[in-house]
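The chains carry the letters A, B, C and D, assigned in the order they are written, with residues numbered from 1 in each.
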Amino acid sequence: MSENRKFEAGIGSDFSKDPVRIVFITKKTSAKVRGVLRDQVMSYPHVVLREIIAFELLTIVLVLMALFWDAPLEQLANPLLTPNPAKAPWYFLGLQELLHYFPPIVAGVLIPVLIIIGLVAIPYFDLNVKGEPLWNARRTPRLRIFCGIVLIFLMFFGVYKAWSIFVTTAIIAALAVAGYFVPAGRGSAIEYLRSRSLPWWLMTWFIIMACILTIIGTFFRGPGWSWVWPWR
Amino acid sequence: MSASLQSTLKGFCNNRVWRSIFRRAPARTNRTRSIAIFGNLFLHALPVKVREKSLRVRATYYLGSFSFFLFVVLTLTGIMLMFYYHPAAPKAYNDMKDLRFVVSEGIFLRNLHRLAAQAMVLAVFWHMFHVFYRGGYKPPHEFNWVIGVVLLLLTLFLSYTGYLLPWDQLAFWAITVGTNIISYIPILGKPTRFLLLGGHEIGENALLRFFVLHCVILPLAMIVLIALHFWRIQKDGGLTIRESDERK
Amino acid sequence: MDTRNPDETEQPGTAVNPDRRDFLNALAGAAFAVAAVGSIAVTVEYLSPNVLFEPPTNFRIGPPENFALDSVTYLPEQQVYIVREPAGFTVISAICTHLGCITQWSEDINMIACPCHGSRFRKNGSVEHGPAPSPLPHFLIGLTSDGNLTVDKLTIVPPTQVFKA
Amino acid sequence: MAAEDMGKISDRVRLVFTISSVIFLIVLAVAPLRNLFSEWKYYKREYFRMADGRPDTKKLLADFHPGIDQIWQPNLNVTDRCVTCHQGINQPSLTDATIPQPFRAHPIIPHRATEWGCTVCHRGQGFATEVKEAHQTTLAWEQPILPVRYIQGTCGVCHRTDIPEAPRLARGRAVIEDLSCIGCHKLQGIERPLMLGPDLTNIKNKTSREWIFKWLKDPRTLTDGNGNISVNGYENEDEPRMPRFRLNDTERAALSAFLIDRKSNLIEPYKFDSRVTAAWEKKPDLVDQGETRFRQMFCSTCHSLAVVRGGETQLIGGDIGPELTKVGSKVKPDWLVSWLQNPQAYLPQGLMPRYGWSDEDLYKVNHYVMDRLTDPDLLKDVRIPEQAQANDIQSGNRLFQQKGCGSCHVIAGMKAQKDFGPDLSAEGAKSVSELDFGAAKMPRNLIPYLESKIADPVSVNPNARMPQYHFKEGDLGSVVTAALSMRGTQTTPGIHALVIADARPEYQAAGDFGKAYERYKCYVCHRFNGYGGTLAPDLSYEGSRARQPWITEFLKNPQTLRPTLTFRMPQFNVTDEEARVLANYLALVMQTNRVDLTAHHPEFTSDQASAGKQLYEVTYQCQSCHTIGSAGGYVGPNLINAGNWLNTAWIQEWLTDPQALVPDTIEPHRAFTAEEKSALTAYLVTLKQSGTVKASVPSGGSR
């Protein structure tokens, strides 16, 4: 990190950061050409052809599904008759599931707004551009902060009896913390987890959470938003 | 026979009219290939050259392309469906019945539209997660990531506004639940909902507003942002190649 | 490093036989052309409605007694005149043959007048004057077994055909 | 060099591209196939093929059109594509049952399908062009095709008055009304009467706690000690008005305790004339005499008794009042006397008329009822503590409300329960989500729901409060039909405008006539200007028909005109004054303008009368239905006193067109010539029973 900072003052020479390819060559060294051209291919026909293939495959799948799977149409809208349960579109069912646990202001406003802000803000936090594993440095203080924050979250979920969220969060946090205790170079799966960065853990938690809530909201909620088993 | 065919084809492609439209010879050299990209309004969303590694399926899974193609499919089928759709209650619902039962290929188009809409939400989400895990948000792609997030929200909103249009129970109550979430926003919630629905409850006004949003405003915004998104990929130096890819 | 400019070099084709390659290309092109024509055909079929929400062309207008002798009755929903004369019934279209305006029966001048461009038609549908190029068409009228007059707007009859009820 | 050729495509990509393109083209080619093989197209082809193979091909294919046919009536909200497949509905040659559906012709009905569509009557989804979607319950359409057995239900959506074409509907409506469903439910087209069940405030005066207990177990008196029904067989017995509620012994004990505990005004025992008591007390035939009087007063017109005939117990008598076989075990003697004396004092809205009893008759009949119409075994199996316990009373009070007793029964000081059960006035239009199926295993659909719910309420909801009814054969279906006809105002505005309302005229009698009319409850059996019962003749035109002196005489001594009938006008012992008031009113007010009583009639000659006699006896054989004296048939009324009974103008009009005066009379409508009519009238006015009209009765004209 400190090495990179030196160069950042001037004109970027790191192409991963600055797309403007102006290369400054110092007097004492000659240009290093690393055969970048070899890695390049023409978009036409390579990309174009692959895109056409992608489009064809997509169309094939869509047309076949459209032939055999009819879009549902229920009865005429009737403002006097609420179906039980009244469900939002599936991609909002995670949110609706949250509304079941938390007060509307939290689940309906705070959490979605925080998610959007979080997503927008991701690239502007220059904390860990290199994707450094979570437990690579300052291990013990990081563990303390990590566990503290996780516990606060777990308490919050516990207070609202959001057990599905509680359990998922606890498992993911446990997996993250497991990397702290596992020495490097063990089995490949554990090594994989150990080498994950904090942003990776956060995003993974978010995705798994969203999937689980959406699945619960879609399949496991019946009349009165009560728990039902979809196979019954 | 093949010789005559060849000459016919040559004659077909080698006249002034053809060349006035395409302005180039068949792309058999790298120069003509470059021209093919540069000289085409649609293709010049692509860079002339790309890194070979970014062609690998694992690099993108073509998720961005799929999202875009789905948008194209949705636009085409959506325009077709609009020929038989009246944004009025309960006519809108009867139109769904007509599409289902009397319009040739009506149900097929509606299925396609609905499937593509669901698939697009999935594809856009997946695209975002994939880009995240590949570190595609990192500099210099920060702003394109933000555009992507906005495109995701637009996709969701497009799908959501389309949900009301069949005017059936599913549509009506899904939108009721959804718009009531909005009203929990402090201070702004109720007025936003009022504006969105054009009233206090879901009725003809809401249907018309959702129709206009779904068919005009949101698609236009989407097209502009998609263009920006594509353009930024080029200007930000192409797709992200991870160091792990480089090493191989 | 190869110093040749690759952009200027004609690349040899990969196929051993350029003729075969061209033939396959042409075949592919033809297949896509057929697909395009098929798509257009399906689109045209989609855009032609299979059912129409239009007033019926075959309708009942009630028993003959409802129409006074020597009267012209305009039916606004069906846009026809029911003309009853001593000779019998005739049904005349109310749509001007000039540019499709709805004509009006005028008792005072005993004429069917078009408000748009001043065409005038006689009671039998023939043109008195005006831009209208042809007389108003006559439709088939009949009687059902339960004593109701029926009109079939799809069948055009000569003006001389009068229905005696 | 290959590295420089940045346009070289690998063979693998080429292969993938080739394969995907081929599949892509195939899929595009396949996509329209589904439309090509639509169900309706198949039926179009089949009809064409069928028509082609029949002799009347040309006629069958006259209107054939290869596309989708539809009936569109925007004002009725009808868009019916049924005719796309049901192409032969208007083809008279396709009525035969061997013609396969969907091509069979529709039976001839008053409504033309082209003007009404199909779904207005049959339900189902008119938009659909697929068999399943059109006929069955699907995601998009809840109301499937109505089974043919309930089809009359849709007649009732518009026809709120009964029509002869829909007998099941009419029967269902009648059953619903008879069973007092209106007590708990709101129903379309049925008004809540003033009284459903009796007022229970003073039930303590009337009966015992044991009897209440027994009655709650099974609201029939005709059960033996084991609770078995011994009359006519269970199924054939009409369902009593009080249904059987699901109550256990504890609940029955509580309810009976609560009811018997009500504070009530104790009735004073009636003081019989001591001379009557003294004269009759010891007479051995007191009870027999009472029975004779009971019969003479024609109590059986309204009340039935169980009679053993040919080894089988049968109920004989009317069903307006309760069945009385064991009433002596039910009521207390003092209450019975006061009830017979003045029923309206106990139940002001009851149907029992107030007779003018002599002490002697009252004493005899009372003894007859208490001695003969009893069953000492009736209450022997009832074992409840003598004294009502406080906690029983309390829980009885609670139960009274929980079970909805207050919906039909009034108790002073307790709030009447209204709308205890769900509102059924739009039951036929209810959507499945409004129905509570509970855990019942049945198709989620309105019709099976109604069938099971009405047949056995517990089968749908184990906690149902609705009592169990036992329907006669076919009545369940009729009730379902009637329930399906109740669609409320949810039908489309176009249909709503077509509703033919049920005009139920309210007839209010006022003044002195009104008092007597109310006292003798004339409307229970007779109809006045459309209002009232149908057991006895309609009196709306009585003034045009009968002569006033005859009416007066008849009221005082109702000799029957049709001696074979079981149901006869009871002997009310009407006072002279009341008879005068009633006859006067009937004669002057209840008239039809079809009969002009003021018209001048020339005097009939004796020649005319004898010609009339000839016509009566020979030409038209009237005696095959009518009796004069002792000779003749029993179908029509006895004409022995026709001269005193009928107005001349009425006879004339009657002979012209009997159905114009009494629409449902079975008198044949004959085309008499004017001479024949005059002759017959002349003959009939000569028929007078001497001495029946006393000179003392003032004639109507004198007032």
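Observations on the model:
In the analysis below, a residue touches a chain if its C-beta (ideal position, glycine included) is under 8 Å from a C-beta of that chain, and two chains touch if they have at least 3 such contacts.
Bear in mind the structure is a predicted one, so any value in this text is a computation, not a measurement.
Comparing chain pairs B-C and B-D by the number of C-beta pairs in contact, the larger count belongs to B-C.
Centres computed as Cα averages put chain B at a distance of 39 Å from chain C.
Mean C-alpha position of chain A lies 58 Å from that of chain C. Work out the mean CA point of chain B and of chain D, and you get 65 Å between them. Here the CA centre of chain C is 55 Å from the CA centre of chain D. Residue positions 40-42, 44-46, 50, 59, 63, 66-67, 72-75, 78, 81, 83 of chain A each touch two or more of the other chains.
Along chain C, residues 6, 9, 11, 42, 45, 50-51 each make contact with two or more other chains. The set of chain B residues that touch two or more partner chains comprises 27-30, 33-34, 49, 97-98, 100, 102, 104-105, 108, 168. Pairs of chains meeting the touch criterion are A-B, A-D, B-C, B-D, C-D.
Those residues of chain A that touch chain D in the shared complex are 38, 40-42, 44-46, 49-50, 52-53, 56-57, 59-60, 63-64, 66-67, 72-75, 78, 81, 83-84. If you check the complex, the residues on chain D that touch chain A are 3, 6-7, 9, 13, 16-17, 20-21, 23-24, 27-28, 30-31, 34, 139-142, 431, 433-434. Interface residues of chain C facing chain B in the complex, by the touch rule stated above, are 6-11, 19-20, 22-23, 25-26, 42-43, 45-51. Of all residues in chain C, only 2, 4, 6, 9, 11, 14, 28, 31-32, 35, 38-39, 42, 45, 50-51, 53, 56 touch chain D in the complex they form.
By the touch criterion given at the top, residues 5-7, 31-32, 34-35, 68, 70, 79, 81, 127-130, 133, 140 of chain D touch chain B in their complex.
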